[in-house]
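For reference, the structure I am asking about is given below.
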Amino acid sequence: MMPTEVALAIILLPFLSFAIISFIIRPFFNNRPQISGYVAIASIGTSLILSLWALVEVIKAPGHVLPMPDYQWLAIGDTAIYIGVTVDALAAVMLIVVTSVSLLVQIYSQGYMHGDPGYSRYFAFMSLFTGSMLGLVLADSLVFLYLFWEGVGLCSYLLIGFWFHKPEAARAATKAFLVTRIGDFGFLAAILLLYANTGTFDIGELHELALAGALGGTVLTWAAIGIFSGAVGKSAQFPLHTWLPDAMEGPTPVSALIHAATMVAAGVYLVARMFPMFASSTEAITTVAIIGGVTAIFAATMGLVMNDIKRVLAYSTISQLGYMMLGLGAVGVAVASGALDLEHGLMLGVAVGIFHLFNHAFFKALLFLGAGSVNHATGTFDMRLMGGLRKAMPWTYVTFLIASLSIAGIWPLAGFWSKEGILAESFHYAPILFALALITVFLTAFYMFRVVFMTFGGEYRGHSQDSHGLHESPLVMILPMVLLAILAVASGWLPISEFLGGESHSFFGALASPMAWASLVLAGFGILLAYAIYSKKWISAESLRRAFAPLYTLFSRKYWFDELYENVFVMRILINGLFALFHKFDDRVVDGLVNGVAGGTIVASKRIRRVQTGQLQLYGMAIFIGILAIVAVFFIFG
Amino acid sequence: MAVGLEHFLILSAILFSIGLYGALAKRNAIVILMSVELMLNAVNISLVAFWRYVAPALMTGQVFVIFVMVLAAAEVVVGLAIIISIYRSRETVDVEQIDLMKW
Amino acid sequence: MTILEQFQQWLLNYWPSWAAYLVPALIAFIIIVIIVLVMVLMFIYMERRIIGRFQIRLGPNRAGPFGILQPVADAIKVLIKEDIVPIRADRWVHYWAPIITFFPALMIFAVIPWGQGAIFADLNIGILYVVAISSVGAIGIFMAGWGSNNKFSLVAGMRTIAQMVSYEIPLVLSIGGVLIIAGSLSMMDIVEAQNVPFFLLQPLGFVIFFIAAASEINRSPFDLLEAESEIVTGYHTEYSGMKFALFFFAEYTHAFALSTIAATLFLGGWRFALLPGPIWFFIKVLLVFIVLLWMRSTLPRVRVDQLMGFAWKFLFPLALINLFITATEAIIWPGFPWWLLFLNFAIAALLIVLWSGLFPVPGEGVSFKRYGRGIAKGMALTFKHLFRHPITVQYPEQRLTPARRFRGYQLVWYEDQCNGCRACARACPVSIIDIETRKGEEKGLVVEKLEVDFGRCLFCGLCVEACPVQALFMSRDYEKASYRREALVMNKEQFIAAPDKRSAYAYPDLEDEMPPQTLLAPPKEGR
Amino acid sequence: METGIVIAFWVLAAVIVGAALAVVFFRNIFHAALFLVLCFFTIAGIFVILSADFLAGAQVLIYVGAIGVLIIFAIMLTRETKRGNPSGRLQLPALIVGLLFLITMVVVVVSTNWNVVAEIPEPTISSLAQALFSKENGFVLAFEIAAALLLAAIIGAIVLVREK
């Protein structure tokens, strides 16, 4: 049996390393920043080991849940707020994802961030993020979860704006923060709504209430939608997706860890964690499903035309997250409509979504690390200035290729299994979404291999003088990539799905289903197309662009979403509308009040300050006269 | 006529009042400091007198006197340091001319 | 139960209580005052004599046998001097200063145990009383400096206060070690506690105490407040007569007091084998005082900033460490076994060497390597001098033989040799030789008159050199004085030939029959 | 013995009051300071009468030996003696307040009946030390704090006074 302290230690270790780095190493050993790297890695490594222990314990535990005591956090009057950790299958899987990816990424960062002036700061933030993320995963009450939710938000802000001297980085950080804040607002509102109606923050109790129908329909719906809005914000789903591509201004390992593997997946995790609640409200879960599907395809389309490798990856991340949402939603809809019996359905949905999250974490992280490695060599992210890196950096190429195949869902790589699962479920329960999913499969394969061919195939298109300067990245960067590549191949073979309660799939038996073939064919087609266009140039990209000019502009301008937000929402409605009103109010009423008070004070003090003669003796005199007065009072009335 | 507690208390009262007058009326900062010392000594006398006549068993009275002495020493050290530095900067220790802290 | 108290108890049977208490107290007081007076006079005498010996001189030895009445003579001289008060002086302060300086020093003796039970008042705060009282003296000295309205005196006063305040701290701290071992403030108890004299258990404390005490009583090398070269004679520049005597007295009383305290605290007071207590006590006191004199006659005066630095950077930390070590030992070995002294000596030596290593030589601190060795050498030298014979010449009884070619006073003239050639008169550059001759019957010229005005003589000896017939010699006589100018004009009757008086000047062949020149006093009759 | 104490008390009290008045009313600050010292000294005598012998010693050591000397030193560093020891504008009110205070205190002292215990305390050093340093119901903490306070005061004084 695993003691609770271990679970807490998993959370606290990274915080500890954060504290050590920022309060001891940065101030005192700043001349030897590598120490901070070691500290961070040591701490996260330890938590990885502990997480593995937790996983084993969970597997052994009956019902895959470890009972953990709650601690009273604070008591307001007689209502006490308890916080605690839940270690169940879902949490355990997430723990493994977070710790392992984080560990690998930080090892990688040793190479990538080498010589950066903010080296220590970087690792401090990374540790802080990892700690918050682990806390988010393990939290068992909404308050606690929200705490860490904001924590990871903060870390993502800090890390996107890590190179704050670059104005666009700073802008991107602010943008990310504000956009996610919109979602978080919904989340917070939902939490408060739930507390108002149930009087508890504990997720388990909330689920029981929800399933028992004790929670009123509309309340439940609105709460669920609110929570989902939070998820939308974090996972950059459809309306709030705009921050993630810009977030690529941060260091690439950050993108790999936060904006591909873990934090953005937090939204999915949240939905999965609250799945029973979603599943018991049709409207909510339908929203989830639709948003997921729309996001999947719509992000993919934008991914088609980006020239910045990281942006392509960013869009693919969005679309993959949409995918997961779609999977959750599809099953959830079925459960809500009663087409699927309850607890199996719940299990299944979580399994489907989280399984893909699990695989996606690895290959997407790997893709980002690959991009980082490429950037390390070429110093740019623009694919038009790359090409021909296959020879220069074979390791990067191979790992990147594996990741691409995996994300494209090629059998028997990891991506295939989870994707196939989602397709199957959506096919059964939500045909329309299934169509979207299929298209997305094709698009995914296409843009991923567009990237592969543009980056590694053909000739080097960068400045010729540094073509010979191209070099493979150092071992400390290659090693994590290789490990991730192994995971990207093999993570699908792990029985995560059954562990989470979904169906198992036999290794070859999967090929029997037509679904699998459909997706495989589509993916293969996409790959071929990409090969034709970008490697062999049978079809010129130019002509295509001209052919689909309107679409191209639509995609490349990202559906004018940024402009929409910037100009319409922010400028027109907020700044010129609402804020103007506020400003007037502020000017007239508030300032008037304040100035009035201040004026009065000034006038009064002009008189009163005469008392302050600065003569110490006068004050002393006053004191003793006061004493005498008191004594006199005692004599008279005492 | 034996000497009792009241005698000492009244003595300390007189001493205290003299010190009080000096502290309030004098203009030379050092004299004010000296008057404060007088007051402290008056307090010491009454403390010891109380110890002697009211509670000889427990030494609290004397302990307090010791602490008063410590405080007096500290106070004098810092006070004189302040006075001297004021004198350095303003060429006077007349408290009526040292009124930078007025309005 | 001191002797005094016993006496009082005994008297209570016969007299009314107030008398029974008052009279013995007065008697004891008077006895103590007498002791102090005598001791102080003796100290003054000893100081002059012994420092003399340290410097291979004889001290004053004329007044009375061995000059023992010298201090009395000084006292009388001082007392009959006029008492001068500067016009612009603050008369009031000027008047009280010597008294306030003197009485604290005297009051210290109230708690000094002269012997078993022989103590004026065995206060149970004895040593605290001593420290407190001796800190009052500074005010008197400062009053003197202020009152005499003389900037040198004022500077001396400032120096005194700075010095006393600074050195009081290591003094008290070093006493603290003793108190920890003795476990009492009462002098009696402290003496009783010294089965092993505390300078063995507290070597470092003793050294610190000794130095600090020497500075407290302004003995050299810490006598900055009367540095003649800098501030005329310090705070008592403007004092004369009785008041000066009081200051002088106070200084020696203080020295005596601190010697007694040192003897009491560290040397086991009156306790030692066979001889009765008081005698041992005085022996120890004199020992301490002699060491003080030894230091004074050896070490040069330190500079004022060095003085402060020495107090604050060297003595103070060492005293703290010593206190700490003693307290630790008190916890570990509460009984303070005798063998602890080896440990403590080792610690003391180690600490002194190490700590002085903290002060680089070019800086203002002391460095053991340089100054320590220098001081040790100097002390050793003066100590050797103590046993050397004094080189002072007791003039009237004792004379030095001048050089053989000494060109002394007056001339030696052989009339029968002289042929009256007047060569000497011609040779004299100041022409003070007045010689008249006449024709003689049996030989050529006879000297009628030969007068020399030695008031103007250069003793150049040209006359002797000029004499062709070896009739004229210089003499080795050097002690001739007269009250009247005329007496300096000498005639030939006074030049009558005296072979033992003549000098070998210009006649080298005479040298070997003359006694050798003596430079130092002849060994035996040096007193 | 008793009569001796009485006599001593009256003499000392007279000297104390006289010296205190001198401190306040003398024109020459230096003289005032000297009288302050005298006052301290006599107060030590009062302590002796009250059989607080240790405090008497401490009084002399601290007030006469340290504080008095410091004050004299300060007087000399700030050459204000020519200006003398003038009274400020508040002279009269200060006098009134002082007198009122004196009257109130005397009234209070006289009007209260103190439960005086007869016993004469024996020499106090050891018990005082017990009270100061014993861990249980002692003043060790206060003692340490006082030490810290002194250290702070010393450092503060040095920082204040030394030329930049």
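Chains here go by letter, A, B, C and D, matching the order in which they are written, and residues are numbered from 1 within each.
As a convention for this text, contacts are C-beta pairs under 8 Å (C-beta built on N, C-alpha and C of every residue); 3 or more make two chains touch, one makes a residue touch a chain.
The shown structure was predicted, so the numbers you read here are calculated from the model rather than taken from an experiment.
Undergrad: So which has more C-beta pairs touching, A-D or C-D?
TA: C-D
Undergrad: As a quick test, compute the distance in whole Å between the mean CA positions of subunit A and subunit C.
TA: Chain centres of subunit A and subunit C, defined by C-alpha means, are spaced 93 Å apart.
Undergrad: Let me have the rounded angstrom distance from the C-alpha centre of subunit B over to the C-alpha centre of subunit C, please.
TA: Their C-alpha centroids are separated by 45 Å.
Undergrad: Would you mind pulling out the distance in Å between where the CA atoms of subunit C average out and where those of subunit D do?
TA: 41
Undergrad: Need the CA-centroid distance for the pair subunit A / subunit D, whole Å please.
TA: About 72 Å, centre to centre.
Undergrad: What are the residues of subunit B that contact at least two other chains?
TA: 20, 24-25, 95-96
Undergrad: Indicate the residues of subunit A shared as contacts by at least two other chains.
TA: 617, 621, 624 - these are the residues of subunit A that touch more than one other chain.
Undergrad: If I apply the definition of touch given earlier, which pairs of chains qualify?
TA: All touching pairs, sorted by chain label, are A-B, A-D, B-D, C-D.
Undergrad: What residues of subunit D sit close enough to touch subunit B in their complex?
TA: Per the stated touch rule, the residues are 2, 5-6, 9, 13, 16-17, 20-21, 23-24, 29, 32-33, 36, 39-40, 43, 46-47, 49-52, 54-55, 58-59, 62-63, 66-67, 70-71, 73-75, 77-78, 80, 83, 85-91, 93-95, 97-99, 101-102, 105-106, 109-110, 114-117, 119-121, 124, 127-128, 130-132, 139, 142, 146, 149-150, 152-154, 156-158, 160-161.
Undergrad: For the complex, which residues does subunit A have touching subunit B?
TA: Touch list, subunit A to subunit B: 609-610, 612-617, 620-621, 624.
Undergrad: Once bound in the complex, which stretches of subunit D touch subunit A?
TA: Where subunit D meets subunit A, its residues are 88, 90, 93-94, 97, 100-101, 104, 108.
Undergrad: Spell out the part of subunit C that touches subunit D in their complex, as residue ranges.
TA: Subunit C reaches subunit D through residues 17-18, 21, 90, 92-93, 123-125, 128-129, 131-133, 135-136, 138-139, 142-143, 146, 154, 158, 161, 164-165, 168, 185.
Undergrad: Considering the complex alone, what residue numbers of subunit D touch subunit C?
TA: 1, 3-4, 28, 30-31, 34, 37, 41, 53-54, 56-61, 64-66, 68-69, 72-73, 76, 123, 125
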